[in-house]
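Common to both upcoming complexes is chain A, partnered first by chain B, then by chain C.
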Partner chain A sequence: MAAPLVLVVLVAVTVRAALYRSSLAAFIAERVEVASPLNAWKRVVEGLALLDLGVSPYSGAIFHETPLIIYLFHFLIEYAELVFMITDVLTAVALYLAIQDYNKVVFKKQKLLIELDKYAPDVAELIRTPMEMHYIPLKVALFYLLNPYTVMSCVAKSTCAINNTVIAFFILATIKGSAFLSAVFLALATYQSLYPITLFAPALLYLLQRQFIPIKPKSKSFWLYTMQYAALYLCSLVVIICLSFFLLNSWDFIPSVYGFILSVPDLTPNIGLFWYFFAEMFEHFSLFFVCVFQINVFFYTIPLAVKLKEHPVFFMFVQLAIISIFKSYPTVGDVALYMAFLPVWSHLYRFLRNIFILSCVLIVCSLLFPVLWHLWIYAGSANSNFYYAITLTFNIGQVSRARQTRLHFEDCTGSGVLPATVNSAGCVWPIQSSIAASCLSCSS
Partner chain B sequence: MGLLSDPHCRRALSRLVVRLNTPLCVLSYVAGLGWFLAMALPPLAPRTYMSENAMGSTMVEEQFPHGERALAYGRDFAAQKKKAGGIPVAWLEKTMWGLGLEVYKQPFARTLPFPDESRERYMVKGTNIYGILRAPRAASTESLVLSVPCSEGTQNSQAVGLMLALAAYFRGQIYWAKDIIFLVNEHDLLGMEAWLEAYHDVNVTGKMQSSGALGRAGAIQAAVALELSSDVVTSFDVAVEGLNGQLPNLDLVNLFHAFCQKNGLLCTIQGKLQRSDWDTLPAYAHSLQTLLLMVLKQGSGRPQGDHGLFLRYHIEAITVRGINSFRQYKYDMTTVGKTLEGMFRKLNNLLERLHQSYFFYLLPSLSRFVSIGVYMPAFGFLILVLALDLWMQLNKCEAASEPRPGLLALVPPLVVCHAAGLALYLLPVLGQRVATQHFPVSEAEAVVLTVIAIYVAGMALPHSAHRALPGGGSDRGWMTLKLLALLYLAAQLSCAALLNFSLGFLLAATMVPAAAAVRPTGPRPVLAALLVLSTPAVTLLLGIFLHRELEERPAGLAEGWQLFLQALAEGLLQHHLYGALPFPFLALLTYPCWLLLWNVLCWK
Partner chain C sequence: MAAALPAVALLLGCCGAPLASGVQDQAEQFFRSGHTNNWAVLVCTSRFWFNYRHVANTLSVYRSVKRLGIPDSHIVLMLADDMACNPRNPKPATVFSHKNMELNVYGDDVEVDYRSYEVTVENFLRVLTGRIPPSTPRSKRLLSDDRSNILIYMTGHGGNGFLKFQDSEEITNVELADAFEQMWQKRRYNELLFIIDTCQGASMYERFYSPNIMALASSQVGEDSLSHQPDLGIGVHLMDRYTFYVLEFLEEIHPASQTNMNDLFQVCPKSLCVSTPGHRTDLFQRDPQNVLITDFFGSVRKVEITTETISLDRDLTVFENELPKDELATEPLKYADQLPVAQIIHQKPKQKDWHPPGGFILGLWALIIMVFFKTYGIKHMKHIF
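So, the complex of A and B:
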């Protein structure tokens, strides 16, 4: 199995190296869909220049990376292209190993259930064969490495790739069952981009499941383990933040990284939902609506945790999708990470209605982004409404896809038995209605 | 999505779509074309109106008195030009200085990628001369441009004369709040491109050599290009279509129209005078003709006047042409000058860039317009045909019991088709030397003939592509390929329609029926004929005939063919000189997509 992976890696590295050398690299790096104010390479360079001059990199309003990133590139600036290629490869390998392990677990569970005769007779076609499962990890790696979104993100040297690597390592550590490493990487991911804090719940659920600890509020071991994991997580977070403090000897980075993420002051257009909304809004409403918008990312964790407590890995996938849709500065790199997980649930595709239509919507939207950008910014004939319309369509496409995947996941595996008619639309409907609400408010 | 998510509804819908697929496709196509034809009717084309406050409510009183002086300047200029054998640089500089303008000249040189036979030029050297009238009431942060081409022979000398007379008059007025640049550009668009690049200090097209412009007058807000070749005019014609089909803000056209009406001048668009009645059949036919002419011109992506390149720099611009034809009423230079004076004074009142009115519109006459919301459904219906057909293919693909062909089987046709497109894009210009060495043709002919040769040769490719396809020759194979081709076509046409509606619509109107109908089974010769008729090259040829027909000077077969060859050379030149997009778009995207459809037809 290693040979195909190596082949995929080689192809991916070749494509990236070729693109780095081509004239497209500069064009891609400028695209707002690929580089957000948080992770644009230009800003990293600016921060480094300030650091070299002995000025705090956060003294301007340009730089919003964490101190660890700036120190990483302080030493590796010469090899930046290499670093980004390696991080991409590491992400893919980590996902590959994680999914391989996860599949083993799933297979074992499935075998057990078959032996216990727990499955309904008509789910036979849903039971996964080893042959199918054999290729899934490879497909995941392939989906990640050769996804045009990842390639563009890497070519633009968006530090989103590094965040993805950290998250991938976190997933690997969780699936391997190492609570310590999982907590450390989760802390690192939180430190990098704040939103992965919501992945705490699925990770905890998975680890509990692995330890065969029942998830009951009354059981003592449940609380003990939860406290342990939370303590590990918080300790590592504190250590990392203190380390950052000692590196720069100031707390400047807290407002300019996390304040920047939460209060959304930079309204450069991107593929997210924030910029247009806050550009149009009266200033004195913006605090309230910032809260409303930010809650979206965190809020769905609770109902999802209740609903999906038996399927923490799927929960993790949905949570990643929610983050990439609702975060304040999303880029296509974030989308690429959760898209890589789609092959894991390939056995459910036959139940996915409209998956083809949704994929077409996403493809066409991706093509229209640069076209409408050109019409708006260069030709001056279109305006921001055109671009935001496509942003909305893109996000509605994403939401419907995430929702459908989830619905069917529940229908098919909800209680291990297919005919369970779960009225499962419950907790994802708010997502759609909030999108619809923003649609309405924008059109008015 | 509710309709599609409910399984019962969905099944019923999909059964309906599958059973009635052909009638629905035909209906949708007819609806698309019908909608387009209806756009010339008054309900869909409301009257134009001035949106910009700064230009709407204020009145100006034009007082330009120097009609005779303009003619005298024009005669002088013609004489000096004849003497100098080109643009009379020294005379123009002296005259402009004399009028109190700041004068600058800008020499430029450009070697064309291959000789332009219709204009007889290859290594072009020229000089642009421009004078800046500094505004007494502002700090040179904004400006307006009046440009006149200095073309071959005695053409446009009256325009230069009028420009100088206007400059002389404008110099004496105190109300200017924007600098005014009076520009004489040589070698029409080439000079304009050189000047614009130098003015904005950019190098868009790469190979233009020019000494940078010395004097600047702030951000240009609007520009008017004037063409005038007679002492009196009977009407004015306005050209709006710019590079890649970009259009100026509708308010600028409205402004021109308003002042023509104020001064009682006749004004035309696409050479068509608007009729006073709206509800009769001939009137409808007339506005439809005007609309079709606009669509053809915009679809060509070619600038229809010297203003065409301004639009790329976010500057609203139109070309105004004085026409002297056999009509009873003639207007002298004073009236023409007053019209221009009025336009400039209103532009001078602008507080911000023209942005209030429409940028996406079609004009069935000067006083009526079709906005983007109205014309997009016509295109939408055509794309709906593709969507319906896609669904049909998808259903068939799902229903077919054969094993799924690997996606790898589709890679050879895709790669071969795109390689053909790339060859079509690159080889003609790169290979012109080789071609002229081996064949008795000139460079320009070599380029055009290579384009045609590669284009036709591409049609033989499916045979070789198939040999590389082991086991791909199943029904599902071609269905998947068709699915891909339809998706590809729909995506690229939607992008094209947003950038240049006319191009997208013309391509959709021709390619969609063939794309929907194509299949390897059934009446092959008919389908092959349909597909060949829908290829972009044939569309271009038909477009040329239609264009001449609408201009009421029909072209014969031989003449049409000559025009076709010229249009090909022109398309390549426009791309290499100004960065026009239709040629690369057709060569790199549409042609490969068409070849994919051809592959489907030749599937074994």
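So, the complex of A and C:
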């Protein structure tokens, strides 16, 4: 599998290098869909320039990156393009290895369940075979590397790519089963952009599953493991934050980074949902609504954890989707990360009802973003409502896709009411064939 | 100074030794105030018929200033509204400042430079700082130099730290102080007298920081300036109290008056004005006692005509240095000292490159190595080395 991966990597690098050399790079770099106030490259350069002038980069509300990014780019700023290409490649390789490992786990479980005869006879056609699952890791890497969103993000040199790399490494570490590394990378991811803290739950669930620890509140080993993992995570987070203090000898990165993410003061339009609301809101309501919107991101973790506790990797995927839809400054780079996971659940595709409509919605919205932006800002014949409408439609498309996937995933795996064992990712029917009948009908 | 010097020379050469003492006295007079020309910027910032009194205030000061000698070419008059031709004016073409229509301050020779909607904060600041578009006519420019004494009179509605312009924008005391500082740095005035007649007027001069500014206000912070008298025939208040009494005071001044600023400070005590007028002289280099009213309100030239010949006395410099002892003992401010031009031109800020502190790098890499070995175990070390 290495050779096709290398080929894909080469193609991706070529595409990016070609775009860097072309005149499109400048155009893409200033698109608001790709560069948000949190991760625009212009701001990184500005922050480093301020630092060279002897001023704290966080003064002036321009620069909202963490000190580790300052450290990274202080030495690598001349090779920025190379850095971003390498991060994309690293992300793709990490996802490739992660999904490869994950598939092995899936197979093992499936084999176990087949031997235990837990499958109904009429699901034979949906048992996943090694043949069809052989290419999934490559597809994942392909989906990530050649996704136009990723390419645009890379060409714009948006540090979203670095966030994606850290999250990819976190997923790799989780799937490999190393709690320590997973905690470290999760701490790094949280440190970078705060929202991955919600990925704590799926990671914990996956690791518990791997250790065969039952997820019952009464079980002592469950709490022990949870405490260990939480302690590892919190300690690494604290260590990283304290280390960042020593870079500039000041704590003002905390309000600049996390205060900025949480309080959303910059209302530049982006593909998210925050800017339009807060542009129109009266001052004395803004705190309330900021809290409501932010809670919306973190809110789905616990219900999803309850519902999807048997399928933590799917939970992780849904959580990533929720983060990238509801975070305060989303960009298409965030969308690209969770879109890379779609091949993993390609066996569900025949049950997704509106896949055509949803794909069309997403493609059309992506194409309409620059059009309506031009109409609004340059031609002056549209206004912010148009752009926000497309943002809304785009997000509705994403939410629908996530919902459809989840719904059919669930329908196919049983809602946990019936005493059936389920494969962690496969489409398995419970023993009662009546449910099987209803599930077969869900393909209509 | 250049204009006064030949006159002095003429004087001294003519008088000779026996009249030396008289000459010296007169010569000293020449150097009392360093100004050679006078300007006035009179601003009324209020619109609408019910703000009649602000226009009347401004026009009254305009009239006094013209009477005392400042020509129209040296007055920048900004009136935000036209009361004389206002449809609600029962006596068109007049603006009265005393009840019973005693005194028409509009007259036949009023020259308004900025009228109606041209009276904006931007235009006012441009007039003061001289940063006006090249197409502005001369009458709309403040062409002062470093030997000009400028009178700035403002009236309208104000608050704590701001003055309202035409009900749509405001100028703050900080902006005004910065404009005056710009004027100082561009040497656009020798001395400046700032008079403001608004509510809480004293707040407008509290932020001044440029030298040679004297300021008067009609009320302190927290107080309102009140209007004086309504005229039942016209139906509005005609004047504000402070300006009314200032004008009464000014009516007694003629070009040769020796009345000084201390008398002006006493105008309109609280019993008459209801508000407490305030003044500020800490930025002013001369003692207000020695400052004549006509230094600001009039355009008085000290000229002596003589038919005798004078020979230049080389001890002329003695007069220049002999300032009265009771003046503020400050050294004369030179332009070059204020801006360290040499430093600015010849010295660029040193480009010190920032480096991350060693402790940070050490800590970071130690952590990374620790994580690496914790994950992969020490036994792999021999594979690396």
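The rule is short, and it goes like this: the second predicted complex is superposed on the first by the 414 of 444 C-alpha atoms of A that agree within 3 Å, B and C clash if a C-alpha of one lies under 4 Å from a C-alpha of the other, contacts with A are read in each partner's own complex, and residues count from 1 in each chain.
In this section, a residue touches a chain if its C-beta (ideal position, glycine included) is under 8 Å from a C-beta of that chain, and two chains touch if they have at least 3 such contacts.
None of the values given here were measured: they were computed from a predicted structure.
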First (chain B), second (chain C), both or neither touched by A:Ile114: neither
Which superposed partner A:Val371 touches (first chain B, second chain C, both, neither): first
Touching partner for A:Gly380 - first (chain B), second (chain C), both, neither: first
Which of chain B and chain C A:Ser178 touches, first, second, both or neither: second
Which superposed partner A:Leu51 touches (first chain B, second chain C, both, neither): second
Chain B versus chain C as contact partner of A:Ile363, first or second or both or neither: first
Chain A to chain B touching residues, read off their complex: 353-354, 356-357, 360, 363-364, 367-368, 371-372, 374-375, 378-382, 400, 404
Parts of chain B lying in touch with chain A, wherever the complex brings them together: 1, 4-5, 7, 10, 246-247, 311-312, 314, 355, 359-360, 390, 394, 487, 490-491, 494-495, 498-499
Chain C residues touching chain A - in the complex, by the definition given at the top: 349, 351-357, 359-361, 363-364, 367, 371, 374-375
Chain C-facing residues of chain A, complex: 51-54, 68, 70-71, 74, 178, 180-181, 184, 239, 243, 246-247, 249
